[in-house]
Amino acid sequence: MPALDKSAGLTEAIARIGDGARVMIGGFGVPGTPFCLIEELVRRGPKNLTIIKNDANEPGMGVDWLLSAGMVKRLITSHVGLNGNAIRMMNAGEIEVEFVAQGILAERIRIAGAGLKGFVSDIGMGTLLAEGKQRLEIDGETYLFEPAIEADFALVHAARADAGGNLVYEATARNFNPLMAMAAECTIAEAETIVPVGEIGPDAVHTPAPFVDHLVALAELPEVYGVVKR
Amino acid sequence: MPALDKSAGLTEAIARIGDGARVMIGGFGVPGTPFCLIEELVRRGPKNLTIIKNDANEPGMGVDWLLSAGMVKRLITSHVGLNGNAIRMMNAGEIEVEFVAQGILAERIRIAGAGLKGFVSDIGMGTLLAEGKQRLEIDGETYLFEPAIEADFALVHAARADAGGNLVYEATARNFNPLMAMAAECTIAEAETIVPVGEIGPDAVHTPAPFVDHLVALAELPEVYGVVKR
Amino acid sequence: MSSKDRMLARAARDITPGMTVNLGIGLPTQVMNFVAADCPVCLHSENGIAGVGGLAAPGQANRNLIDAGGGYITCAPGGSFFDSAVSFALVRGGRLDLTLLGAFEVAANGDLANWIIPGKFAAGVGGAIELAQKAKQVGVLTTHIDKHGNPKILERCTLPLTAVGCVHRIYTDMAVCDVRSDGLHLVEIAEGVSLAEVREATGAPLVVADGPMPTF
Amino acid sequence: MSSKDRMLARAARDITPGMTVNLGIGLPTQVMNFVAADCPVCLHSENGIAGVGGLAAPGQANRNLIDAGGGYITCAPGGSFFDSAVSFALVRGGRLDLTLLGAFEVAANGDLANWIIPGKFAAGVGGAIELAQKAKQVGVLTTHIDKHGNPKILERCTLPLTAVGCVHRIYTDMAVCDVRSDGLHLVEIAEGVSLAEVREATGAPLVVADGPMPTF
C-alpha cells in the first residue's frame, strides 16, 4: 500500500494554529529549532499561546520572535539563561514562566506522547522544585506526581524526511523533536530535504510517519540555523 | 578519546547471573530473542530466576529451555499463548506468572530505564486487569499506579554492534531489546556482527554504548533463530 | 464470494485513505487482502512496525520481520520499525485511527471480551487491551454466532472484559451493527439474510431504522 | 601550571577508564582538556550525545553538533546521538558514573546550590538537578572562595538547593575535600597552600587525618 503524501505548504500548515493554542517547539539552542515554522507563526500572529520549549533561544532568534511579538502568555521551559529578553518579560509579569527540570520536561512530554496520565519521580525532593507538586505515597515513601504535558501542535525540525512523513534528525538537533512529534494533537515538521518514499530505510527512521501530520519542505536555510555563508 | 572495548566471552558474561536473579530477555516471538545467551544460561543453571519477557517463546525454544530446566520461579509476561508447556506449568503451580498488558509491560520496563518510580495510567480500568493495583486520585479521577520493573540483567540480541557497545537492531527484532538494555543493572548483548568502533554512524545507533556492559559475538546462527539452512 | 469474504470486504471498506490501522490476530488480519492496493493506508503491528506491506511470499520470509501474530510479513515502502514502547505510544497516544479485533463476546453497550475464558483459556492479554481501549475507532470482526450456535453479540458480556464500552462497530457474516448511546443499531445486513434471522441470532435488542436496509 | 589548571588536572585524574562522565557547563567542561587522550572514557552531554570528542576546531563547527553549554563540539568514533528522554534516562537510570558540576555554594553535608540566587538570578534549573541527584559520583569544581573573598564551602547552604546531600567530592584551587557521614574531610591540598589557609578559606569544619597531607 502506498504511503499518504503529507507534504504541505508553509502558510497552509501554520494557519491551523489559532489563539490560545498550546504549541511545542523542538530544539535545544539552535540545533533542531524550526525557525522557518516559527517565523511563519509570527507572521500569522495568534495570541495567548502557551509555548513549550527547552529554552527561549537567544534575543532576536526563534522563540524570542514570539515573545517580542507579544504572542506568548505562558512559557514552559527548562531554562531561559541565554535570553535576557525572556528574563525581563518574566520579571515584569508580561509572560508566565513554568520552569521544569530538563529531563523531567522531556519525560512529561514523552509520557503525553505515550498516552499516559503522568509519572512518579523523586527528582527535586527536598528542594523548592518540589513545591506545589502533588505528592503520592508509594511503598511507604513519598514521591512527586509529574503530569503529562499535552499540546495542540508540535513544530519540529528534521534534517531529512520522506514524503510520507518519516523523519530523520541530525546529531544534537534531535533533542526534544521526536518527543514532541509524538505528544501533540497535530505535528507539523519542516525538513531540510524531502526524499521519495522508500529512500529512508525503515531501521533508520527516528520519527515514524504516523506521528507526522504535515510536512513542509525548506528552501535554502536562512543564517539563523547556524549556516555559515561562504 | 577511544571507546572502551566491551567484548566478552559468552561463558564469562553469563557466569555473572546467579540464583534468584531478575533477568529481562528481549524478543517478541523469535525475532530479537537472544537464544545463544539463553542456551548458555541453561548450561550454567542458576535457580529461582525471575524472567521478564514479552512471551514464553514456543515449546523447545528460548524461554521454554529455562522453564523446562526448572530454573524459573516467576515469569512476568504479556502472553504465553504459543507455549502450552508454560500454560501447563502455570496451571500446575510450578511457576508464578504475572500477566501485564503488552504496552504497559514495555512502559514499566522503560520507566525503570528512565530511573523513575512508575507511571500513572487508565489502561485496564473497569476490568479485572486493574485488580490488585494501587489506585491514585489525580485531578479528581481514579487512575492506576504502574510500578517500574527493574532487573539485575538484560539479555538482548542485536543485528550489529561496534566493539564499544553501540547496538543496531533489525526490523521487528527491535521490540523490547532497547527498553531492556536501559532498564537492567547489567546488560549483556549478543550480536550477529561486531564491527570496529566508528563504523556505525552516531545517528544510526539504536542502543547507545553506555547502556551495554558486555558484548558477545555470535558465530554462525543456529537454526532456532529462523535461519533457513540451504 | 463467501459470507466470510463479504464480511472481510465490508470491514475493509471502512479503511479509508490516510488511516493508520491495526488489524488484530486471526480474522481481522485477513481484512488486509480486501483493502485496495492503491489506497494510502498505514498498517501497524504492535510488535514494532508501521507500514506492513502484506504477507511474505513463501520462501521470501525475513526471519526478523513478523507481525504480532507471528506471521512473516513484508515492509511497504515508507514503513518504519520501532521499539515496543513507541509502538504502544502510537496506540495509546491517539495516532491509531482504527483497530479491528476479534471477540469471544461483544455487548450492545460496546463492552468487549476477547482475552480470557476463566478455567479454560488464560494465556495473557497481549496488546488487545490497549488497542481496544485507545484506538480512535474500534471495530469487532466476528461470526454472528459461535460454533455451538450461540449468539456472540449479547446484551451484557458474561466473560471478563478486555475494555469497557470500547466498541464502535461490529462486522459479522450477517450484519453490521453500530454501538450508540441509545442502543445497538443494525445498519447493514448481508445479502440474502433476513431481518428476522439477524434478530434471532443476536443476543441483544437491535434498533432498526425505518426504510430500506442497506445490504453488503 | 596555574592553580586553576592544577584543579582541573586533579579532577581529571578521577576520570578513569570505562567511565561515562558528564561535565557541567563552565569550569567543569574544561576538565576535558586534562583527560589523557588514550583514556577510554565516554563523555556525555545532556542535549543528546554520548562520546563527545572535544571542542570543534575554529571553522570546523557542525551547526547541528553542540554540547549543553552551546559550544560547538566533535563526536568521537563510537559516539551516538539520542533524544532528550534517552539522555536523561542515562543520567537517572544509573548509567552516569560521574558528573562534575559548578557551585554557588556547597555544604559539608553534601548539599549543593548552583541554580538560583533569589532576586538576582533565576533562569531555570536546566539539567543540573538530575545530574546532581542521580549521577553515581558527584564532584563539585569551584574556586575555594568567591570573588568577594567569601568561602563557597559552608556548613549549610543558604541558597535554595539543587539537590540534597548529593556531593561526594569537592575540587578547588586550594584543596580536595570528601563529604563523609562524619563530616567534610580534607584529603588533598594544593602545593604551596597551608592547612591554616585552607581552614581560613572554608566555611565549615574540616576533618584532617593524622600524618602527611597529599598534595596536588
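To keep things simple, chains are lettered A, B, C and D as they appear, and every chain counts its residues starting from 1.
Here, a contact is a pair of C-beta atoms (placed from the backbone, for glycine too) under 8 Å apart; a residue touches a chain by one contact, two chains touch by 3 or more.
A quick note: this is a predicted structure, and the numbers were derived from the prediction, not measured.
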Graph distance between subunit C and subunit D, where chains that touch are linked: 2
Shared chain contacts [subunit A and subunit C, defined touch]: B
Most distant chain from subunit A, judged by the mean position of its C-alpha atoms: C
Between subunit D and subunit A, distance of the C-alpha-averaged centres to the nearest whole Å: 30
Where subunit A and subunit B are represented by their mean Cα positions, the distance between them in whole Å: 32
Separation of subunit B from subunit D, taking each centre as the mean of its C-alpha atoms, in whole Å: 35
Where subunit A touches two or more other chains at once, by residue number: 107, 114, 116, 122, 169-171, 174, 202-203
Of all residues in subunit C, the ones touching two or more other chains: 49, 75, 81-82, 85, 88-89, 91-92, 134
Chain-chain contacts as defined at top: A-B, A-C, A-D, B-C, B-D
Footprint of subunit A on subunit B - complex, ascending: 107, 111, 114, 116-122, 134, 136, 138, 143, 145, 147, 168-171, 174, 202-204, 206
Sites on subunit B touched by subunit C in the complex: 28-32, 54-55, 77-82, 87, 97, 99, 101-107, 109-110, 122-129, 159, 169-179, 225-228
Sites on subunit D touched by subunit B in the complex: 17-18, 20, 35, 37-44, 49-51, 53, 75-82, 85-86, 88-96, 134
Residues of subunit C defined as touching subunit B within the complex: 45-49, 61-68, 70, 75, 81-85, 87-89, 91-92, 122-127, 129-130, 133-134, 160-164
Residues of subunit B touching subunit D in the complex: 1-5, 112-116, 162-164, 166, 182-183, 185, 197-198, 202-203, 205, 208-211
